[in-house]
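First the structure, which I've put down as structure tokens, then a few questions once you've had a look.
Read from first to last, the chains carry the letters A, B, C, D, E and F; within each, the first residue is number 1.
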Amino acid sequence: MNRPEKAETGTEPKHPSKSAGATALDLPAVPLDAAIQAYFAKCEEKLGFVPNVLAAYAFDLDKLKAFIAMADNLMLAPSGLSKLERELIAVTVSCANHCHYCLIAHGAAVRKYSNDAKLADTIVANYRAADIDARTRAMLDFAWKMTVEPWGIEDADRARLRAAGFKDRDIWDIAAVAGFFNMSNRVANATDMHPNEEYYSMGR
Amino acid sequence: MNRPEKAETGTEPKHPSKSAGATALDLPAVPLDAAIQAYFAKCEEKLGFVPNVLAAYAFDLDKLKAFIAMADNLMLAPSGLSKLERELIAVTVSCANHCHYCLIAHGAAVRKYSNDAKLADTIVANYRAADIDARTRAMLDFAWKMTVEPWGIEDADRARLRAAGFKDRDIWDIAAVAGFFNMSNRVANATDMHPNEEYYSMGR
Amino acid sequence: MNRPEKAETGTEPKHPSKSAGATALDLPAVPLDAAIQAYFAKCEEKLGFVPNVLAAYAFDLDKLKAFIAMADNLMLAPSGLSKLERELIAVTVSCANHCHYCLIAHGAAVRKYSNDAKLADTIVANYRAADIDARTRAMLDFAWKMTVEPWGIEDADRARLRAAGFKDRDIWDIAAVAGFFNMSNRVANATDMHPNEEYYSMGR
Amino acid sequence: MNRPEKAETGTEPKHPSKSAGATALDLPAVPLDAAIQAYFAKCEEKLGFVPNVLAAYAFDLDKLKAFIAMADNLMLAPSGLSKLERELIAVTVSCANHCHYCLIAHGAAVRKYSNDAKLADTIVANYRAADIDARTRAMLDFAWKMTVEPWGIEDADRARLRAAGFKDRDIWDIAAVAGFFNMSNRVANATDMHPNEEYYSMGR
Amino acid sequence: MNRPEKAETGTEPKHPSKSAGATALDLPAVPLDAAIQAYFAKCEEKLGFVPNVLAAYAFDLDKLKAFIAMADNLMLAPSGLSKLERELIAVTVSCANHCHYCLIAHGAAVRKYSNDAKLADTIVANYRAADIDARTRAMLDFAWKMTVEPWGIEDADRARLRAAGFKDRDIWDIAAVAGFFNMSNRVANATDMHPNEEYYSMGR
Amino acid sequence: MNRPEKAETGTEPKHPSKSAGATALDLPAVPLDAAIQAYFAKCEEKLGFVPNVLAAYAFDLDKLKAFIAMADNLMLAPSGLSKLERELIAVTVSCANHCHYCLIAHGAAVRKYSNDAKLADTIVANYRAADIDARTRAMLDFAWKMTVEPWGIEDADRARLRAAGFKDRDIWDIAAVAGFFNMSNRVANATDMHPNEEYYSMGR
């Protein structure tokens, strides 16, 4: 709400400090090194913009790089879960936590991978209403329980995933993605992080 | 509870596969590269053992390295929060989530940094009963709310931190550490991760 | 999920029984009388379709008429609350209750009245992240508390609304709209009511 | 608590403005038309008084009529559920929501239809302790879950109702009545609506 | 619900085994000693019956005596709280816990001490709707919070009681009574304890 | 936190008033009678100190005696539950309620009876992670549900205990111990009761 005013620093070169209102915290962006410049350039090329979550972390390059490494490994590296499945977990967790940033940004990602805005909007609302198969439902039930009652997960919950066809490695990936968004949701909510405007209409 | 049986693979060389019962998932450890071997050697030297959370991740070195990078940055890098303060957040979040692994491992860390087992055990039980100053109390109130009602964090919550003397950069660090343990707690609970035996008595 | 199969009954005449898969219940539509035919024709004209919630009620015209009378009075009759404000309440309540039908249908209504898809999607996610004034925030805080802790509403809550500029008549309307969606959300969830396809993209 | 003082407006003619302290809101009653005068007269004849919920709505005849139409349809129209069963749902929902008005007024209705004050007082306290058959128990379990966790209702919940002997039309009626009291409870709590004195002892 | 069948053992001598269906557990009553016989005789004389909670404990005289000693001290011994105030706490706690036995039995006690069935029924429903003074309201707010969020009680909560006029000794008594019913409610719910028939109408 | 300052009253004779800072309430200890002097002497002999919960009650000998009688009967009298099992229930309930006093004091008791600090610390964190048999798990599941959702206990819950080998008398004892700590936890939290220093290291 009450975001710190940022002096407009001109136009050149393009720099995430332009996104510096990404959170309610006043954290000045640091100069980017070559690796991050390249990474941000790839974001611009592929997405058309640098996601605000990255701009938010850009006050400290070590933190930014650690975040990128973990996020990209979880969401993009080879896995028994498709990229779409991982985004469905992201959105389901973010629904339980009512996280504005992640529902907007990862809702867009579900649209991108599924080409199905109806599916995306349904998962944002309540995954139980979505037209998904039993495997996906079991996966999202697990992610929901991890989010709202993590202390209660027990052997029976893992057994349900195995019965739905998931291998132990897949269970790790479900747990890791669901865990990650329980982190990101909270960092976003705690800092009042706001998604880029582009996300709202992307893939619609 | 029902952990996969592991064939004892002999004794040489020392390898985290010996900790492979660290979770309820059957995930075979991969060969370690030099960087991780060195990291684990440092763990052995400093702690006397490799933490099971690292053994648990050792089925995939990329995931392991991403986890280490983020965890070490959050808990050990320079910050307006002392290392003890960061561990107090870790334990407070883990208390709210009833996370066995993290309460044991980070309870030990609080003992190490504070040299005060009473403080550690009190934070494990309920931080509100601890003999802490108003700044620390405000920090832990924020971490607790982030954990149990993340959607409800608002400007007034951040204002309370600022009034307690925290700068915006500190608020980020509080949020990031509290967020991180909301991830780790859930990965630990979801996989039934068990702490190393050594943690229970360390620093007592 | 498991919806009753409906025999396709041909094409003529146009009838909500074609929407009869609107819920998971097998409730055959009854013949429409002139008043409802006219009402549905107006829906077709204005919206392009008959909302599934009406199709769902069309197994009993008395129930349908009572629902229409109450819904239209609440959402369309003169009030100290604008139509947009009433839709913001609808979506906020539906967010707390994770109601798929109402988030989709009334999210569309927020887009229609505000011409602001970003606002609509933000309220769907978490109204606290929206760029709204203090009056609107107070109104939605009240609606949220009514939804999640109705037993705890007290004089102080009403006083906050009055301090934000609402008259007693407005407070009634806030309470009535928030109450109504606590009903509709539950009927929709209990019957697995699904929104019309058209809602997803309407106003985007 | 702090109810607006009303000037006593004399005695003739009998008018619900005499109940105008029914809520904490200051909403002057409007003149009644013939239909409502007749309806209120019937209340006086049958109950001995006009229920305060009707008096509360009597600041706007359209709202009052819409409420009466829906309430009477739900509670009195032909249904696979007996009138007593519908009142049991009303009280069970009101117990979960701790709604003073509805527990008093519909507790009285349970006494009226069952002639069993013990049953009524038990449902007010906790329906699980009541001496009810398996069908009734299944119905109230569904109403309770709709109230406290509406997002979690799924096919299995509807299947339990069908197994207990309910037809799909009955399931609608259970959902509609439980939904309605989730509305009424909240309007009553939000406005601090107070039941008529007569309800407390009626049917004892 | 499924209560153990008890053989009717005739009529002489009067013995709580006649109440042995007081819970869902099959616990045979033991012979009463003189002290308990005298105590039960006083119950019969004053109340007209032996409360089922005492019959339920009568399988073990030591447990019965310990319960009586604590209950009578809390509810009857000299205190800064009137007997009525203590019963109001009992009912408020039992409302939060939805305890059938205690709402019926202590609802009757509120009627007895207050001679006000309306007050009793209101506290059973939701103490916030009762016509009580600020001191009583503060007392019941504290008892409610102790019941639903005991870990969150802090200095500010005790300060509110002191500001409402309670001395530290009174605060102990509020805490002790509220604590006691959090025990009794749970023993009653866990054993499906049922109140004596007489309680339902007593004092009406 | 803000504890009343106590004047140091010298050294002779030993008296619980020396523990008078046991709670946040200012309640002066009364002179002890012979029975309590003997009881406290036995505490000193066996434990090395008088537990602060007893010191806290020592402002009123009747209350103190009633508490001792009930606590000792529950925790020490013959039962189908071992003393260790009763302490496991105590700690499990105290974990759910985040009760500092009881987690410290009864965590120590679990260490004493089990000679297993790892078991004790695990139950403090989350009993589901402990290496316990199915009978113990069923017992603690029941105690947990009694604590967090007492209104929902039903025949099926008792049936699970019977299936795990518990007799009805054992079920009573489980309920009574779990109930008792729901009382003690709340009295301790409400008064900010602090455990004796000795408990923290006892049995380690």
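Rule of thumb we're sticking to: a residue touches a chain if its C-beta (ideal position, glycine included) is under 8 Å from a C-beta of that chain, and two chains touch if they have at least 3 such contacts.
Values in this document were obtained by computation on a predicted structure and should not be read as measured data.
Looking at chain A and chain B, the chains that touch each of them are C, F. Across D-F and C-D, it is C-D that has more C-beta pairs touching.
Centres computed as Cα averages put chain B at a distance of 44 Å from chain E.
Separating the CA-averaged centres of chain C and chain F is a span of 51 Å. In chain C, the residues touching two or more other chains are 1, 98-99, 126, 128, 151, 154, 189, 192.
All chain pairs that count as touching, in label order, are A-B, A-C, A-D, A-F, B-C, B-E, B-F, C-D, C-E, D-E, D-F, E-F. Every residue of chain A that touches chain B in the complex is listed here, in rising order: 1-2, 24-27, 59, 62-63, 65-67, 69-70, 73, 77, 97-99, 142, 146-147, 150-151, 153-155, 157-158, 168-169, 171-172, 174-176, 178-180, 182-187, 189-192.
Across the complex, chain A meets chain F through its residues 151-152, 154. Residues of chain F touching chain A in their complex: 126, 128. Chain B makes touch with chain F in their complex at residues 1, 94-95, 98-101, 103-104, 107, 117-118, 121-122, 124-126, 128-129, 131, 189, 192, 194, 197, 200-201, 204.
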